[in-house]
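Here come two complexes built around chain A, the first alongside chain B, the second alongside chain C.
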Partner chain A sequence: MQQLTQLIVNGLTMGCIYALIALGFVLIYRTVGVINFAQGELVMLAAYFGVTAISIGLSLIWAYVFVIAAMAIFGYLFQWMIYYPLRGKPFITIIISTIGVSIILQNLARIIWGPAPLMFPSFFSLKPLNIGGVLVQPQNIFVFVVTVVLFSLVYLLLSKTMIGHKMQAVAQDPETAKLMGIKVDQVVAGVFVLNSILAGAAGLLLAPIFLVTLDMGSSVLMKSFSASIIGGFGSVPGAIVGGLFLGVVEILGARYISSHFKDGIAFVVLLLVLLIIPKGLFGERVNERS
Partner chain B sequence: MHKKILIAALILGMVLTACGPAVQEQTTQEIPTEQPTQLAATESTQATTEPTQAATVPDTIKIGFVAPLTTANALMGWSMQQGAQLAAQEINDAGGINGVPLELIIEDNSNTADVAVNAINRVLSENPVALILGSTSAQTLAMEPIILENTLPTIIMGSSPSLTDQGNPWVFATRADDGFAATAAVKFAVEDLGAKKVGIFHAAEEFGTSVAPIIISALAEYGLEPAAVVSAPSTDKDYSAQLLELQAADVDVILVWVLPAPGILLARQMKQLGMDTPVVANPVFGLSQVLVLMTPEELAGIYSMTDCVPSQSTDEKILAFVQAYKDRTGTTPDLFGALSYDSVKLFADVITQVGTDLAAIQAGLFAVTGWPGVCHNYSFDAKGRGGYDISTVDISTGTLKVVGTVSK
Partner chain C sequence: MGRYGRYIPWIILGCTILLFPLRTSNYYLQIACLAGIYIILIIGYDFILGWAGLLSLSHAAFYGIGAYTSALLSVNFSIPFWVTLPAAAIVAGLFGLVVGFPTLRLRGHYLALGTLAFGEIVVLVLMRWRAVTRGVDGVTGIVPASFGLFVFDNNKSYYYLLIFFILILAIFARRIHQSRFGRALIAIRTAEVTAEVSGIDTNRIKLLAFILSAVYAGIAGSLYAYLFRYISPETFGLHQSITILTMLLIGGGGSIGGSVLGAILLSFLPEWLRFLKDYYLLLYGVGIVLMMAFMPDGVIGLAKKIISKIKFRLPLRRNV
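Entry: the complex of A and B
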């Protein structure tokens, strides 16, 4: 029982990671109707910005501020240079451009920071806390808390605020939204900035747990994408539920079925969910909205 | 909406599985501007065997070099590239090979088989006379048919037994295969650490899956069976399911066969789960850039099998290499830097002796007996394997302390 609890705790941590990246997919999709496959590289870039901030002598808290500011600027530049020139182009053109960006970012990072893994400090000790026989890293608790807070804020933003309504209006019909007086370009730019900040937060949270490596974002990208589909693509609650569900199921499968098929188990789960609930766990609401 | 998601998933799948995440690069070794071309004709005649292509002296002698310069294995690839470039620089500073400058044609394999195949094809388009593969076993396997078809003498650093078991006469390995290293690891675990319940943690890729049965047979020699065998792909970040399975099996030693970045995470996650079980690993913890990323707690109880520790040698020639490598890179050379350096120097020596005819180079490599390199004294057996020395190092102090060596 103790080991099962330990597995669930560790699975939830990985699930938070999937959920945070899945949230980026959802946010962009809900507003501009495209899928940003550079999401993993945004996470990586934030972690490398953090390493640079520490290396120039900033304290950890100021490094966080630096990274969030840098990612906000990067998010604006991203939409200005990549999305804006291609807006109105076919869906496939835009997502291929995001894949191109991901390749460029990974290689730029290799040129600037080198291929070797790097370290990024944590606010907390690396010694685990013993909670009823279950060992939990303080950083993992931090990841869980921040993930829940970020999801709550994004959910409230989208569903309870005027900005959120504007974003949904832009997503559903940009031309009508423009006629209604909504500054569509500003809303889109704001979404990309918000998405980039969220990716920055994910990078800062993950960096002390994983090493800062070139593949730290891309290695979990596919599972994060799967998590967002399991939850119901386009749904904020779906992203977190899908992420946590996938994180827990794959770790339990790896432990009690076979570790040799850990990745396979995750994707079998995805297939099963799609077969049983084609629209995902929260797919109905997404369908209604879109 | 579903159509869009399907299209997106297909594109992502194709990119991740087929194209690889990194662009390929080609860089070439800088050639001295003052090329001693006048030496070419005279020095080539001094070779012990007449070079077969002496009549047409090339501008440069090209050696291909394919290694993982990006992705998860870039740490190893970087060391390999530095070692090869240092050797080429020293050769060219000393006048080249029979007066002809040596040129390295360097390509990245992005740690994937398809990119590796493209990389070797690009190298072949430059007409090299030899090839060095710093690639891991899966990529090397993908390139071997091309090597055979082009009859190109090739030195590999992959350690999977399957690489030299295929009978490709153009492939030479400068290190013992994992069978030798794994057997030595089992011997150390059982005889020195007193292991009774051994767990195995291996990478899910070819080099890891091929070594697991070897470890199991080596354990059988001692009348033991593994208490648990787990694996993880090198892209995985969380090993708690595997570690908890080993913990549940109450193992007293874990034999680990993984890549560098996963090795660091594995050591870290073991401590996070309160596991102090001794680890005997492949050369992953013999890399200096790995050690600096680990805390003293994470280093405790870890032993690594490694081909050589050049910095601990007392041989002046090896120490000169260590100093030159440090001057070039600012870091202590690891086994991959040393193996790569040896590979270039060995090829240069053989080409100096026999010229640039491919069959002559192949014969020259087979004829090598006890060639003194930095990492090993090289002789190649019928399969093309050489470098049968493996040391066990204790890394608990943050440096490599040799606690035993096995040679053949």
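Entry: the complex of A and C
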């Protein structure tokens, strides 16, 4: 029982990361109808920005501030250079373009930071805390707390603020939103910035748990894709529930089924969901001709 | 130029292709063979992306399934080439059915993500299921392809074998493009609802196109296994699917000429740009982004646009 709790706690930590990334691209998908394949590289980039911030002598807390600011700017540039010129083109064109961006970012990072894995410090020691017999890494608790705070902020942003209402309006119907006097392009830019910040947060949280590597983002991104489909593609609560669910299922599968095939579990679940309940747990209407 | 004048460029091209092995190094010949295999892959992928307008990201997985089917049949049971090749095509096609069935009924991005997941699973199984696939070590000791008394054990003879297969598969693809099925694909790509209203069973047609593309990939995989006589899992990952995608985009979807051009260009480009070293992949990414922004129809699309402009001008001048 204790072991099971232990596994679930660890699974929830990874689940938080999946959910953060999934939330970002679900927001983008809802607003502009595009899947962003460069999302994983945003996560990677944030971790490398963090490494650089530490290496130029910033304290950890300022490094976090620096990274989030840098990611916000990067998110704006990303939509300005990549999405904006292609808006209105078929979704395949834009998706492929984001694949191109992910190749660019990965190789740019290789040239700047080199192929060797780098370290990024944590606020906490590696000594696990004993909570009621369950050993928990302080970093895991931190991941959990930060994720909950970010989700609450995003929820408040979407439901209580003007900019959030505008985002919802654009997501539902960009044409009507435009007629109502909403500056759609600005709202879209805002969503890209928000997404970039969420990916950045995921990168910062992930970096101390694993090493900072060139493919750290792409492997997590694949899982986040699965998470968002399990939760129901395009649904904000779905992204969160799907992420947490996947984190737990993955670690239980690795323990009780096969650790060799741990990385495949997410994809098997994804295909099963597509086969059995294609709209996921909180899904959009999946049939295009609806 | 007489009556047959318009064939002259094609004859020159044909002779160049046929005589290429006599004047080149073994290394370049091997790249040419690989380019030939890519041509088959891309022609198959074009059914999905260029004709049906669907984004699949697991073409490399079907390629791998074909390669492993042939290689394992050959190594474990010493089954000859002319049996393992169709076997690879059939197995890849069956996997195409299994993956395509659940994902094709949904919106476009589900296919992209579903196939992505399938591709990852295939590579993982190839790497980790050591008992059958021999894991990351790969499969060695594949017997050279032979057909009766002909043994294709060097690059030169293999090159001609590939030309034979490319011709057959390209002609077959062209027949399909011009058939009722091909027109149905165009209808689905341009206006799916209209196609369905006109009585086209869109799900069935899409699934057939997906299976067909998997079969082509399976054949290409089998030919790959017999070319290098060594295969390993990492050849068949997502990056390979993206390479295939890029080749088709650079050449231009929807035409066999585009597929051939893209495959050849992107096979030789890394050789020509070797001096760029680390910057090559960076440039590759930049190339994809720029292509999408400025030349979404590829080299062939651009050429067609230029030709139609010239043709449009010529008669006007003649009238004056």
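The definition used in the following text is that the second predicted complex is superposed on the first by the 278 of 290 C-alpha atoms of A that agree within 3 Å, B and C clash if a C-alpha of one lies under 4 Å from a C-alpha of the other, contacts with A are read in each partner's own complex, and residues count from 1 in each chain.
In this text, a contact is a pair of C-beta atoms (placed from the backbone, for glycine too) under 8 Å apart; a residue touches a chain by one contact, two chains touch by 3 or more.
Note that the coordinates shown come from a computational prediction; the quantities given were computed from them, not determined experimentally.
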(message) After the superposition on A, what does A:I8 contact: first (chain B), second (chain C), both or neither?
(response) neither
(message) Looking at A:P117, would you say it contacts chain B, chain C, both, or neither? Reply first, second, both or neither.
(response) first
(message) Taking the superposition on A as described, I'd like to know which of chain B and chain C A:L275 touches: first, second, both or neither.
(response) second
(request) Using the touch definition from the top, say if A:L157 reaches chain B (first), chain C (second), both or neither. (result) neither
(message) Output check: A:L60 vs chain B and chain C. Expected answer is one of first, second, both, neither. What do you get?
(response) neither
(request) For A:A72, select first, second, both or neither according to whether it touches chain B, chain C, the two together, or no partner. (result) neither
(request) Return first, second, both or neither, reflecting whether A:I141 touches chain B, chain C, both chains, or no partner chain. (result) neither
(request) Would you sort A:I99 into first (chain B), second (chain C), both or neither based on which partner it touches? (result) both
(message) If we overlay the two complexes on their shared chain A, which of chain B and chain C does A:L86 touch? Say first, second, both or neither.
(response) second
(message) By the touch definition above, which chain A residues appear in both interfaces, chain B in one complex and chain C in the other?
(response) 35, 91-92, 95-96, 99, 102-103, 106-107, 110, 222, 225, 229, 233, 260, 263, 278, 286-287
(request) Would you mind writing out the residues of chain B in touch with chain A in their complex? (result) 1-2, 4-5, 7-9, 11-13, 15-16, 21-23, 69-72, 74-75, 77-78, 204, 230-233, 235-238, 240-242, 244-245, 247-248, 260-261, 264-265, 268, 271-274, 289, 293, 295, 297
(request) Over in the complex, which chain C residues touch chain A? Could you list them? (result) 49, 53, 55, 99, 102-103, 105-110, 112-114, 116-118, 120-121, 124-125, 128, 192-193, 196, 242, 245, 249, 278-279, 281-282, 284-289, 292-293, 296
(message) Which stretch or stretches of chain A touch chain B in the complex?
(response) 3, 6-7, 10, 13-14, 17, 33, 35, 37, 91-92, 95-96, 99, 102-103, 106-107, 110, 114-119, 126, 128, 135, 137, 209-211, 213-216, 218-222, 225, 229, 233-234, 251-252, 254-255, 259-260, 262-263, 278, 286-287, 290
(message) If we count contacts the way the header does, which residues on chain A are in touch with chain C in the complex?
(response) 29, 35, 82, 85-86, 89-97, 99-108, 110-111, 222, 225-226, 229, 233, 260-261, 263-264, 266-268, 270-271, 274-275, 278, 286-289
